[in-house]
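Take a look at the structure below.
Letters A, B, C and D mark the chains as written, and numbering starts fresh at 1 in each.
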Amino acid sequence: MSSAAEAPAAVAERRYIDALNEGMATALEEDERVVVIGIDVGAGGGIFRVTKGLYERFGPERVIDAPISEMGYVGAAVGAAMTGLRPIVEIMFMDFVGVCLDPILNQAAKLRYMTAGALEIPVVFRMQTGAGKAAGAQHSQSLEAWFAHVPGLKVVLPATVADARDLMLAAVRDPNPVVFIENRRLYGSKGPLPPPDAEPLPLGKARIARGGEQVTVLTWGQMLRTCLAAAEEGAASLEVIDLRSLAPLDLETVLASVRRTGRLLIVHEAVQDFGAGAELAARVGEELFDELRTPVRRLGTPAVPMPFSPDLERGLLPNSKAVAAAAEALVAEG
Amino acid sequence: MSSAAEAPAAVAERRYIDALNEGMATALEEDERVVVIGIDVGAGGGIFRVTKGLYERFGPERVIDAPISEMGYVGAAVGAAMTGLRPIVEIMFMDFVGVCLDPILNQAAKLRYMTAGALEIPVVFRMQTGAGKAAGAQHSQSLEAWFAHVPGLKVVLPATVADARDLMLAAVRDPNPVVFIENRRLYGSKGPLPPPDAEPLPLGKARIARGGEQVTVLTWGQMLRTCLAAAEEGAASLEVIDLRSLAPLDLETVLASVRRTGRLLIVHEAVQDFGAGAELAARVGEELFDELRTPVRRLGTPAVPMPFSPDLERGLLPNSKAVAAAAEALVAEG
Amino acid sequence: MALIRAFETRVAELYRDGEIPGFVHTSLGQEAVAAGVGAALEDGDYVATTHRGHGHCLARGMEVEGMMAELFARGAGICHGKGGSMHVADPSRGVLGANAIVGASLPLAVGAGLSSKQLRQGRVAVAFFGEGAVNQGAFHEAVNLAAIWSLPVLLVCENNIYAEFSDSRTLTRVPAVVERCAAYGVAAAAVDGNDAAAVHRLAAEAAERCRGGDGPFLIEAETYRWHGHYEGDSQPYKPDEEAAGWRARDPLEVAAARLLEAGAASAEELEALREEAAARVEAAIERARTLPAPDPEEAYADVFGS
Amino acid sequence: MALIRAFETRVAELYRDGEIPGFVHTSLGQEAVAAGVGAALEDGDYVATTHRGHGHCLARGMEVEGMMAELFARGAGICHGKGGSMHVADPSRGVLGANAIVGASLPLAVGAGLSSKQLRQGRVAVAFFGEGAVNQGAFHEAVNLAAIWSLPVLLVCENNIYAEFSDSRTLTRVPAVVERCAAYGVAAAAVDGNDAAAVHRLAAEAAERCRGGDGPFLIEAETYRWHGHYEGDSQPYKPDEEAAGWRARDPLEVAAARLLEAGAASAEELEALREEAAARVEAAIERARTLPAPDPEEAYADVFGS
């Protein structure tokens, strides 16, 4: 427990976006080797204003505007990470990995291994995702499962204001490539931001966001709010786990909860088919075969590209009603 | 049943690679709109000789050599597919999608949907994969799970000589983008190649490659041979299913088999964590919760980049002994 | 041009007022490029464009009603509400669509050029893109492919100086896109992108070259984006004088002055034209407002064809 | 050069005989580029290279023993048997590694240049790449970045005419890579890539420029690949005369002739040098043969650092 939690009076309400900004500012402050690279992250303050003020504070050498050349500047960030810098590099929308995957997939994830540890690659790939804003099929994808499937990458998805800052700091301090996934719909969300802990938050620890008895609801990112709302609204008693990172994977916390509840519902914004929820369902199904009261169920987006229409989009994304209903159905089932 | 199967005398033994070649040749022959595009697919006959002779037979306008510009020529293939051609475009190693993912992920998979069906995109993305050849971490990845996670793509993985030809033809004739995954280790493998059927093989039909009683072994691609060998070598009676395609997914055939055996082992060459096997485990675990005698188990590559050393590589890839042992363990378990 | 101006002006307002969802990027100030190129093309010619594509679509005859309904995310939209501003398309008119990935229009147009050549369609394939896209690998690869395959591809770069919040002149040492074409052996010419007649002349010539089998040609149209990168961007990064200078060279005024001078149209005729355009747009808006959202089943349609 | 020649010659044989697994791409015929550039660099300078990188590694002082053991996939290999021919690396010598993705060396070197500039390391970052890689988007983006950020990046293109089975002159309208640099405002010069002294002179000058803060420089070294793209490729696509002509301009002979002419070395001294190189390589082979495969646990090490 942090001392901040013991003195809640001191805890300020901040926006998720400000917490990200603070995390980066602290990282830039505490380590000269940290640089921020991306399109319009500098003078422009970021297309979503996440890097606002960093350019003014740390200068153009530390907060570096790049042309629309993701393959080039993401690759450069990886090369820089091998040679002394600790870049935080922004891919404006996760969907744009389509133009700059190689440096992540084939370079950052593999070169430490291929050189038997001689190369260290401390790079943070910030990417923003988040459907629900009528941004269309090319600006709404959640592809975290892809990165979790690539050995050598850590995959982090902060869902709360405090985690936005603390996982950012943990990611920058980590000596490995970290895919850091921000959800656009969380940017404006508010929550408590205690003063930073002396003990940094380790990557790979899930969090029980809400205790409950009947169904474990496992989620991450933007869907945490949905699941917490479902816990409030629904009839079943839900234990909501914020997984926080897919790699490392904190299966222990999940298993411990499901052992108690006997039921697991996995909720994510990504397409359900071949999504990250499948791995968790498979793992829990295998580990707790005799303890599960009901089948593990998943709730993700159906297998269609994300339509532009807000109505259609809303109809596809899991919402709190659907989560509550699915949980109640599990309880009814066994 | 095809008439060829009734007259086995006529069935020739051919190599997988020749069957692929024959599939492409037939496609080029039967439809003027079919073109083959890739690096050295033309005059050079393909780096693995898969396109050998096509250039001589169909000319440089139909069998088109491209510079090392995957983003450009794969994107061009997608644009060509929208406007009248039916390209078969080669990505030499699946790992190279790192430099040309956008046309597959954001264009081919989505533009039919985004235009409400006004654009038809009949393109085949041929990609070769296959660890076990000491090709190193950047030339050994199996990323089929990624493509299966993208709505709008079909994902096909021929495991036999006959399927190499027949699924190729089906892929070219399909009006949708098809990711067609060839395994390098299969290229030299031999098997019967009956005369082409009048009725084309539909995409999305799994095949019982071998009947059995105790454990359903579900696999695809190169691992089919491994699983069939395990069935011969091991003590348990294995029913081996060759899934053939991940999208469309023939879950029916899988469920029917597991309903009988009560046990499922999924085997693939890809990294196990967040691999395609997870989706199948999750689906079967959910659908057959009450019928499974034992947990669904998976056997894939551990979560490490593929090392160069053939010894290390051999140690990581699932082999027939490991498959047989896993199956026997399942039988022992319940 | 009048139609594009009217359309974009109203779209900006509707977006501000929350009537249009998602992201919207207008082409106000750049209408002459769309109009000049659009008029130089023939039926069947292909167009692949960008996030800032409304003008190009209208210039190729796409229906105002269908487009507006699409921006309103209606089921009767030209893409049934599944595309939106960044993805309006009408393949029946050769428009392969707006595209939200910077640089993606280029390889797609190369592919369309390949179809045209291979299937002897006699069509020109146009890629519109911004000067910011020139720094993308896709530009480099696509231009080279169009060159070596000698395809009928017309590359139209709208150099509006800015890429999002950045002055593109700071993001390359060679801001003149025409100069970058020598690297591919591709002929190129710059043109005043606020002068529709000049754009049209050059584009017509270039399209003819393409159709004649001379391979690709690149047009760099120098122009200016009046509004922010997206609607809602207050553009603190633009010098006032620069913006004012370009506003003073309004492409519609440039064209009007020329027409009046040449006696090709009277002030009244021009005014009537503008009014007619505004009326068409207004009618499309009225209609769009009354249309229903897409049927929920629409979300599941068109993933695959059969 | 003698060392590279000896190394590559034996590697080709060992691969043919099945002693070395995987894919192998030798740089026989291109030794002067590696030697000339390698000698122009200083301790600490960074090198990122390609699938054809043995020579560049040796020229930067990487140990023959460790490299050979790596190619043999031994646990004592410089990458513990996890990298292999396409991934030999030694960051302690600045060598960030061979790389099996065409074009990948360029952005990595740009990043190394960024570190050098930012952290005031005073180091030059070299990217080796083939002329085939010039058609990759990564080339385009990386060169532009190096230019606008004015980084100490030395771009060394080994133009050996072929990319795999293709004559690269058929895959671009502008085969001279130096000519493509104008698009980025990057200074460039071509050099006889079979003349180590000429390469060295140019590289030394260019490296000094880089170190002096003048930004990137591109060297196009014109040379020839004697062997196939990979070992085992019988190269039916190469005209005999062309191959013979280049073989006649053996970079080792060119250098030897010059040294003899200048009286800088005697024939005996040169012969001794070659013998010594051959002996070093032979010793490395003997050693590699006796070494064990990696410990099975090695497969699980080094995925993540802590």
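Brief remarks follow.
The rule is simple: a residue touches a chain if its C-beta (ideal position, glycine included) is under 8 Å from a C-beta of that chain, and two chains touch if they have at least 3 such contacts.
On a predicted model such as this, the values are computed, not experimentally measured, just so you know.
Of all chains in the assembly, those touching chain A and also chain C are B, D.
Among the remaining chains, those touching chain B and also chain C are A, D. Distance from the centre of chain D peaks at C, each centre being the average of the chain's Cα atoms.
Two chain pairs, B-D and A-D, are weighed by contacting C-beta pairs, with A-D ahead. Chain B and chain D have Cα centroids lying 36 Å from one another.
Each chain gets a centre from the mean of its Cα atoms; for chain A and chain B, those two points are 31 Å apart. The centroid of the Cα atoms in chain C and the matching centroid in chain D are 45 Å apart. Chain A and chain D have Cα centroids separated by 40 Å. Contact with two or more other chains is made by residues 66-67, 69-72, 95, 98-99, 102-103, 106, 113-114, 136-138, 151-152, 303-305, 307-308 of chain B.
Residue positions 79, 82-83, 87, 99-101, 135-138, 140-141, 144, 148, 170-172, 298, 303 of chain D each touch two or more of the other chains. Viewed as a contact network, the protein chains are fully connected, with every chain touching every other.
Residues 135-141, 144, 147-148, 170-174, 179-186 of chain D are the ones that touch chain C when the two sit in their complex. Of all residues in chain A, only 33, 35, 61, 64, 66-67, 69-85, 87, 102-103, 106-107, 111-120, 151-152, 154, 175-176 touch chain D in the complex they form.
Residues of chain A touching chain B in their complex: 71, 95, 97-99, 101-106, 109-110, 113-114, 136-138, 141, 143, 145-146, 148-152, 246-247, 249, 270-271, 273-279, 281-282, 285-287, 289, 292, 294-298, 303-305, 307-308. Within the complex, the chain B residues that touch chain D are 39-40, 43-44, 47, 65-72, 95-96, 98-99, 133-139, 302-305, 307-312, 315-316. Across the complex, chain B is touched by residues 21-23, 70, 73, 79, 81-84, 86-87, 99-103, 132-133, 135-138, 163-166, 168, 170-172, 237, 293-294, 296, 298-300, 303 of chain D.
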